[in-house]
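Quick notes on the structure that follows.
Should a chain be cited, it is by its letter among A, B, C and D, assigned in written order, with residues numbered from 1 in that chain.
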Amino acid sequence: MTQTLAAPLSAEDCTVQSMPDASPVKWHLAHTTWFFETFVLEPEVADYRPFRPEFRTLFNSYYNTVGPQHARPQRGMISRPGLDEIRDYRSHVDRRVLDLLERDLGGAALDIIELGLHHEQQHQELMLTDVKHLFSLNPLRPAYQESAPLATAEPPALRWCHHPGGIAWVGYGSDAFSFDNERPRHRLLVEPFALASRLVTNAEFLAFIEDGAYQRPELWLSDGWDAVHKQGWRAPLYWWREDDAWHTLTLAGPRPVRPDEPVCHVSLYEADAYARWAGSRLPGEIEWEIFGARAAVDGNVLETGLLHPRPLAVENSDSPAQLFGDVWEWTSSPYAPYPRYQPPSGALGEYNGKFMVNQLVLRGGSCATPRSHLRATYRNFFPPHARWQFSGIRLASDAP
Amino acid sequence: MTQTLAAPLSAEDCTVQSMPDASPVKWHLAHTTWFFETFVLEPEVADYRPFRPEFRTLFNSYYNTVGPQHARPQRGMISRPGLDEIRDYRSHVDRRVLDLLERDLGGAALDIIELGLHHEQQHQELMLTDVKHLFSLNPLRPAYQESAPLATAEPPALRWCHHPGGIAWVGYGSDAFSFDNERPRHRLLVEPFALASRLVTNAEFLAFIEDGAYQRPELWLSDGWDAVHKQGWRAPLYWWREDDAWHTLTLAGPRPVRPDEPVCHVSLYEADAYARWAGSRLPGEIEWEIFGARAAVDGNVLETGLLHPRPLAVENSDSPAQLFGDVWEWTSSPYAPYPRYQPPSGALGEYNGKFMVNQLVLRGGSCATPRSHLRATYRNFFPPHARWQFSGIRLASDAP
Amino acid sequence: MTQTLAAPLSAEDCTVQSMPDASPVKWHLAHTTWFFETFVLEPEVADYRPFRPEFRTLFNSYYNTVGPQHARPQRGMISRPGLDEIRDYRSHVDRRVLDLLERDLGGAALDIIELGLHHEQQHQELMLTDVKHLFSLNPLRPAYQESAPLATAEPPALRWCHHPGGIAWVGYGSDAFSFDNERPRHRLLVEPFALASRLVTNAEFLAFIEDGAYQRPELWLSDGWDAVHKQGWRAPLYWWREDDAWHTLTLAGPRPVRPDEPVCHVSLYEADAYARWAGSRLPGEIEWEIFGARAAVDGNVLETGLLHPRPLAVENSDSPAQLFGDVWEWTSSPYAPYPRYQPPSGALGEYNGKFMVNQLVLRGGSCATPRSHLRATYRNFFPPHARWQFSGIRLASDAP
Amino acid sequence: MTQTLAAPLSAEDCTVQSMPDASPVKWHLAHTTWFFETFVLEPEVADYRPFRPEFRTLFNSYYNTVGPQHARPQRGMISRPGLDEIRDYRSHVDRRVLDLLERDLGGAALDIIELGLHHEQQHQELMLTDVKHLFSLNPLRPAYQESAPLATAEPPALRWCHHPGGIAWVGYGSDAFSFDNERPRHRLLVEPFALASRLVTNAEFLAFIEDGAYQRPELWLSDGWDAVHKQGWRAPLYWWREDDAWHTLTLAGPRPVRPDEPVCHVSLYEADAYARWAGSRLPGEIEWEIFGARAAVDGNVLETGLLHPRPLAVENSDSPAQLFGDVWEWTSSPYAPYPRYQPPSGALGEYNGKFMVNQLVLRGGSCATPRSHLRATYRNFFPPHARWQFSGIRLASDAP
């Protein structure tokens, strides 16, 4: 799957790093393989000889327990190894892992292989968001794929789906796979609240822009207003004015902004300001999870092949629509450990725990997330200024 | 009181801005008066003529609703108005406010005057922390005041004060004054936990340093480890090695680090790393408040005149000691609105609400906080890298 | 004289550093005294005890041979010693130097005292330019002094003063005082050239602006065009638009730009672009010196008390007017050593030689330069982007 | 030739930009073709249709007269067009230019074609220096080519080659090709001087390092000493300590520093400090040219294929050796126009003239310069901090 995603890309496309937050596709391809080599082959294969010993440092992302790392902002300087050699690296490690799986592997090793597969799914999404960012810096505006236009829709009016509050169980509790940050399952006291029946659309966000959003400090968090000024934000990322109309970049190339689509590529600051302008607020992650736990994990995910949020065509029901897929939904919840959270021991303890500050939780998955990667308890997280992910807005409100 | 605090300072001391986070004392003196002029005199006095119209912009901190602001990092460029003129400004406004108080003022105006007094107390503390930072940049290491040495103490062993968990009421609920961010009072479900009986001492923090703290990435949050590297941290702020011993700067000048004092001038990152190293964790703000609500609001506050945390001399009891005064205690709680929080309408709505992102809550007050300013529900907040406040560490742990 | 220049300034004015290129007046007062203490008293007075030993580092500008220096951008952090203590320092050192002069001092010591006096004259000018910069950052736009308005003049038309070229002697050759960088006197081969009869006026520079100067890259050196963009230059420093007219800041406060005055506060880049636009070029420093050597060293210098360039009222003659005083005139000559230049030995060898790269020579002196400080051979130097000095433009051209 | 130089490089190698000063090889390949398309085909071919209209902006380096330019630091973001498309672009334009040459082209067009060829030679050298810089950032330390080791040599002792001074003619005077900055030929008065018989070697530079060069401020220009500190320089670029010995990177991979080779990859600051330490000075560019004009234009240039400076094996003669090839020799001469210099009219006037500030002249050519590109009058130029070119040191001295 990962290599299929890379297939439309040239060796040059796979090499460039467009900003420190993004990584070259070649690095994603190598790092996900490094994960299996380091955490599965090294401990499990007697006398394992690494494919190339230098890769241990070169493709280590942030595991200090494993050793030093090649500096993140320098990932784009590595013109060699080339894409071909990285493909060989992947084949080599994949084959060895498959060999291992035919043996009688212990549960711990199987758990790590499962973790490695989920880890790779995370990087599949990042490959797409990072390539989109790279292409956005190219004045030729290349496209990653062709796509047929979707029919226009008229999204239903926004309704509120109510919840009475009370003691709620949240977090992942079963024995199947989850990331450590979804655990432990625990109880919370929740106030009555309501969640919007659908995502905020471009049409709605345009009304916000036209009402002076980016010029009105009273709508913004203080740090958000600073970001608006320092970054010169005037619209979501990848939007620009041309011939008196807003255009945007998609993975299928540039085109006019469609009013019926969910708004995408907004920061937490923009999501929060929009909610304030709309007289409501963002949901807490637990509020989202309560409704998410009742919904089917399906929607406009990676497998639809659209790679772009799509207009909502269905009618409103009592349950919120578009919970999974389309866009990651910003919540107002700072990314923090659940009560009695314990990171795993060893290097994999660095997977999630050390990032639990200065970020906010997003829920639900996007049009670039594999379906099998998602769960109602899944906690994604990014800093409040991040805009290059497929991130959008769902409103919430206090119940009357 | 504010002018008493400024008394030991020269006109030059009051003019310089040592970093963008800090403000000149002259600015603090003017801004707190500006607060009364803008929010009390302007609306309450018919045909009020401002002391100098330019001050409306010059001494506006961050109230966009009031109008533009002189850029924060440029506050130290304002050599004029001089300190004498600012004193005239204060007298002028004070006199007019006292005049007003003799009239039959409405409740709203009285509320704002009360808010203005609490606002001024906040700046009293900032004057001291900002002057301390300024003096720390002066190779002559000047002292703000003289001070007699305190007797050495042997702090009692750290004990755990347990709480059984359950539904707890938190936040401010009475009619008396509180800041908006302490409201509304609401219920929460709390897991069983324990709070340390006292603050972490310099002796304990030195053991952490000597165990390689600042060289061991596994102890740190990822952003904390970055800060250690980028800022070159090797010890708390204001510490340096001299003649093979750690020294520190106090408002009474430089002296050796005393092992029996609470550690001070640490960031959230250092507090968090220390807690991890010690096998425990930082308290949540609610855990702190539960014990704080039972304690007397007293301790080593501004009124003791020490202006430095002091060793704990008393014996342990079942209740945590040193909850109020000495140092602000970092909690693990991101600064976020309480459920159903509503900022006030108008300019004063900018007082707290717009800062509720990218900061963490500190509780308890410091040796530079006026006693009458403190409450168990009081929520102070700073970004996780801030170190120039009197900030220290109390541990917490999950109950067994 | 130095203290007279500081007299209109408050302790606050004397303390603030407005940018790394500028120094606080208090620092100038202390550093010029430091020069005498370090280079005269220390070597000449047996058992000399310094006024305060810490000043050796604190007020050392850039003499590595003397020892470490307080970091230049931190000069504004030194709120203490206060202005009063610096005045005591000056009195103390002045008295000791006067004592010395009554003894039979050797020629070397007398030479250094003479150098110290010229050094102090340089800092007198810098005090004025640095205070002007500081006041420009103050929205209240304070004035350093009052001044009576000058009568309007109609500057004479620009004429060319021709020189036939040939072998010329340049540099300082007599036994009297000069800086080392003016030596040795040497011969050069000069092409025929012409020098403009007067300085470029604001009226002429306005025509340049109105012809799109700051939007036309073809007029600029490449680095100059970068500076225009990065710094957002649209006019000379201290100019702004108000009520549809250009205004400027003078040491006597703000006022409209007068068309008849010499243009001032331009960078080398602006001077060079103006010359290109005018179809001519800047003079080489030797071309300037050839005419300067024939002119009387007089004009609108510090002693006139205007502290601002003044309109030229006299008629044209065969000699260029305004060569001395008014504004430092940018030349096209990079600041480089003369053939066989030798810096003095010891610390004073650092006075000039180590700056002979990345700067350009300015000639003639300004309205803030003491008359006795100037000579036809005098070489001032600043980086090409510097604008806070009283720097202006004289044109030159190749002879036909 | 240009494509031969690119032959050892992968598509990935050709895409990455390692720093703003360097460009991707793909960009060099495209820009040199753009030069022919823009300056030859567009004006000469009626109804010329550009290969791709977007390339006009994308591959414009700095010609404002031609139009806007893709931002220099973003040249590495252009993953598309890929290397293959750039090769097509080159073939297309080459073919059209060859077609043109078969017609009866005017002299002006032929002049521009000649200029385009010399322009391309400049970029051939830059391709090599830029790839070397890129590979230096790769921890795998790739090699551009294989190379056989050279025999060790014992360079002859340094001798001084004297010149009596007097009136000298310099600059390019014939009708053949030269760059505009080498003109006009003109006379100068030169003092007696001497030029070193050979380049400074690594052995000599090592003695300088071991004498504390990088810790002794008195040896450096002030800006140079700043660069040493800010950049952390401890040795020439591409040197590092390993197993108690200095190693360096060459285009044939890493290897120990050879004492007999000319020192290379030093800045003007290091060259100047070395000369001061050695009790001599750098040559003026005219001093170099006087000897250069008598020497054969030959040496270790691109055509030897070494791509690295080589030890001097020949005996001393009365003439300086190694004048051409090996390394560009820093001179003390700021890059400035010759008297009566006139840039060409039109866009090509931007070729040289607008860079004549903030740079210094280097003479002689390097091991990466094509032989036919060099002349005694050739003026190369770089800022004083630049180190990634093949730049070295020749000493000069005043004659006794």
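Criterion: a contact is a pair of C-beta atoms (placed from the backbone, for glycine too) under 8 Å apart; a residue touches a chain by one contact, two chains touch by 3 or more.
Everything numeric here is computed off the predicted structure, so don't read it as measured data.
Any chain bridging chain B and chain C, meaning touching each of them, is missing here; the list is empty. Each chain gets a centre from the mean of its Cα atoms; for chain B and chain D, those two points are 58 Å apart.
Separating the centre of chain C from that of chain D, both taken as means of CA atoms, is a distance of 36 Å.
Rounded to whole angstrom units, the spacing between the C-alpha centres of chain A and chain D is 46.
Multi-chain contact residues of chain B (touching two or more other chains) are absent. Under the contact rule defined at the top, the touching pairs of chains are A-B, A-D, B-C, C-D. In the complex of the two chains, the chain C residues touching chain D come out as 62, 64-65, 167, 186-189, 191, 217-218, 220-225, 268, 272, 332-334, 336, 339-340, 350, 354-358, 360, 384, 398.
Remark: chain D residues 10-16, 18, 26, 54, 57-58, 70, 74, 76-83, 134, 137-140, 142 touch chain A in the complex.
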